[in-house]
């Protein structure tokens, strides 16, 4: 059974994330009162980029970094339970997933660093500072859920929220859920916090030297990162879904919420983003953890 | 996407991809760039055709040269064109790239864009309207289908012709030989840093 | 019998190297490598053999000085010998141009021998003796380069002396109470000791070992000492010498006092273990974020040396089998990757003519690939990326913390990880990635004898990361020898009741994951490599050396972080030094210089003694 | 500019009568006899001075409230063989636009730089150097602004044949219908 899971899960993840990419461009267009591209536009883009006659590289580290980035994302996808489908989760719990999520940014940072372009380096430094910003509340919220459930296994956490809506993480640890919801756009790299790949200021930041197949790897990694973060959010706070369909439905709702924010918000500076992430979300997450500790006693 | 297109797509998915995902390099050369914002935003919405303004030449395959091209801008255009990845298409926008337009006798603007950079399509008019861009895009689709949008092939085949023209007008242009990756850029003697 | 031979080879070998240095440089180098290798092989042969040998009998205290080897001793001895051998190998080429090499090699071997002595010593007197030998020779080697290094060495020396005095006090009071000095025999007399006395002993030892292990309030000597010392010695210093404190902590807390006594120190929140864990948590967060602000590569790594010490303390303070295993395992892992990173920083310094400022380096990956790979493995280990050894030990520590219900401690450790990621990526990016400046155009890769240690340490990081069972097996033996419940671990997986970790599954997932993009990569056309200056610069030609953009890498974050991590402890110590100078100045005036005032002082003193004696009714 | 007929100007306060132009003209005339000052229309003042008196004139005008140098332009009197430099000054509170004119020899045009009085004059002088070939002593950066590696006659001078240059460099076919 788990062999099927190992093949199906990445395909499902790539399919869902590419579909989300198409939806995001369509919804953003409609919010801006224009028609926007067809839903399968990302497929067209990927075909065009793969079929290009020329690709430019900046050396071995540049190539290896991109392969590691997408490879890391695919590996992380295998460890996240999706509505009962969790092939490899016996080999890795939430801590392993948290640390596996380090691989893709590390790969991308290496590739962008090796791209010898100042815009890319500035993009990487912004991306890491933003990560430092949103990790603090995210970790506090994770620890709150883990101490509440008394386990570090994501499958157990998801199953514990299964029976009814009242058991959801959202209901049992509302402050932590709210804290993570506040920093979700930062984790997804959506508009208020997309200064790492800002086209206007730093010529699309880390992606400045990615063309052709490198851009495909980067785009797929970005899409998979969105899938991973939202899947984690659903598993932790929205009850993880009895079967795959309900899981995907919940992911769609969360993604749609993120999209609405993305379509209307201007981009903030990295200093402001760091201060914001360390102020309200961290406070909420801290309170959530204290509440869980006190209730746990 | 109607049913009729399916066989054409299956015949050559590459052309299908190149047609409906023309990423324009957001490069403001001359006065024409003021026409681009309405094209890409809500009023005209170029994204319906798959045209998105991209920040870097590495990601773009459509190069819209808008308005008159002064000598200094020509240097930047040539370097950006070299940094774009094949297949790449150049569209001259406005009458100035065609034959110099109202600056036909100026000492500082070039008169025929296609002497220096291969051009696949022209949009005449002293600042054509956004609809003209969409017409140009649709024409480009047909050219791509027929395989006639081969500006990048012409550039590679008679590369010396283009290089000679470029060197005649910009003798000290630091330039990386296109397609060979070797660095022919000589450190420009005159590019003095502000003291 | 072998232990005495081993120790004498280590120490006398150093003397032989010094003498050989008089005659021929090559002979000295060869001999140094031979001695280090012999020591390593000797220690390896000691595996699993509980040897005890009384080598000298002190007439006055009728105490016998004993050398013994148990799993804990062997574990640290192996690390000492290995890192010592690698650093000697590295310095063969690195120190080629320096002066007084005979002294340098001899001192390095004496430091290694002293550390071996500490670890193998069975009683507190020989432990203290070797501890002093180590401290002294370390001072000599730190201030080897002169100039600022002497000040750094002095600072280290002053704090080490304070630590040694505390240790001496503890040793004497233990001897008075228990009558014997042999560590193995101390266990049951200490049980009968009063809690207050046991706490006093523990605190005194904790000061001595805490200074050496750079625990938060006592850490200020480490950044100066590590960045001023010569790179190979920095690797030894930060790799294993600082972890002698950890050996001491484990020895005293679990070897001598044992779990029962530890539990009696305070209860619940105010227990020693909990407060000690919070000191560890503090030691993780503040130094790691200070490392974020450093611009000097070795100083940045030194601050990480302090930060990582916090994880070890967090592990052993938890007193659960998982925590202790994690703490000791992290000591070994840290010893590997911090030594590797210092060797990498040394290699870069060696090739770029002593440049350590991260704002002036760049693009060296193209010229120094092996060093780049070593640096990458080092930072992955330091961060704790899965499949590296750092991850395995951090996982154990987090699991212990969360299972034990200490989320705030776990939070401090996790935030420390993210501080590490940012600062070590700056180290890697500013040194190896980005544009290669003109002046480093013809930098070559370091010679093979310097590459060998880097490659071996990189291999160690990956092997211990994919098969954590190997070192954890040895740690299980340690726990059993200390009378604790051992952590049963498979070769690469953790039993289900402990948690879910299977490094082979992670390896398979990452390998499979990377295979898919690699295939996609190969299917498309081959990509052409472009020159360094052929990058997008809005159409402008980027003249060489004008693109230095790695200066102040996290500039925006500095303003937010800097006020919280200013080193106030260091400032407090210097303030203390000034105040004490004032007092000593005043005291100096007492010695007027003429004899009869001295006679007067003596008379007054005698009168005082008599008065006190009568008052006490002697 | 001041709108004379409506006696109203942007700042809304009514300017006093047109006495200050005459008053200014008088002050300049008696302090610099060799300077010919005329007031063609209210709010405008033209002072022509020989080459070496220009700096003192500019200094005098600047102290009189003409604190803003808006432009330095150049007129090519080809038949008189001279280049005329016009320094356009503007006084905010007097609302007067003063033009200091001077003539420079066309064959080898040299002029003292006014960068000490007005720092931003460096760019204007740089452009005049590029387009007319006037050499400004004391201007630290007379590097080309628009033209790169330009050989031959500076393009704005009258004897420069625009059409011939365009034909040779850019291959322009001659227009037949104009």
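A few remarks follow.
In order of appearance the chains are A, B, C and D, and numbering begins at 1 in each one.
Quick note on the criterion: contacts are C-beta pairs under 8 Å (C-beta built on N, C-alpha and C of every residue); 3 or more make two chains touch, one makes a residue touch a chain.
It should be emphasised that the depicted structure is a prediction, and the values quoted were computed from it without experimental measurement.
Separation of chain A from chain B in touch steps, taking the shortest path, is 1. When the partners of chain C are compared with those of chain D, the chains appearing in both lists are B. Distance between Cα centroids is largest for the pairing of chain C with D. More inter-chain C-beta contacts link the pair A-C than the other of A-C and B-C. Taking the mean of all protein C-alpha atoms as the reference point, the chain centroid lying nearest to it belongs to A.
Chain geometry summary: the mean Cα position of chain A and that of chain C are 36 Å apart.
With each centre defined as the average position of its C-alpha atoms, the distance from chain B to chain C rounds to 59 Å. Distance from the chain B centre to the chain D centre is 40 Å, each centre being the mean of its Cα atoms. Chain contacts: chain B has residues 56, 58, 75, 83, 179 touching two or more partner chains. Contact with two or more other chains is made by residues 50, 52-56, 203, 208-209, 212 of chain A.
In chain C, the positions touching at least two other chains are 528-530, 536, 538. Interfaces, counted as pairs of touching chains, are A-B, A-C, B-C, B-D.
Residues 363, 365-366, 372, 376, 380, 383-386, 391, 394-395, 398-399, 402-403, 405, 407-408, 410-411, 414-415, 418-419, 421-422, 425, 428-429, 432-435, 493, 496, 499-502, 504-506, 509-510, 512-518, 520-521, 523-530, 532, 535-538, 547, 549-550, 553-557, 559-560 of chain C are the ones that touch chain A when the two sit in their complex. Those residues of chain B whose C-beta lies close enough to touch chain A in the complex are 1, 13-14, 16-18, 20-21, 26, 41-42, 45, 47-48, 50, 53-56, 58-59, 61, 83, 85-87, 179. Chain B makes touch with chain C in their complex at residues 27, 56-58, 75-77, 79-80, 83, 174, 176, 179, 181-183, 185, 187-188, 191, 193. Residues 70-72, 75, 100, 104-108, 110-112, 115, 168-172, 190, 192, 194-195 of chain B touch chain D in their complex.
Note for the complex: chain D touches chain B at residues 140-141, 143, 146-149, 155, 160, 162-163, 165-166, 169-172, 175.
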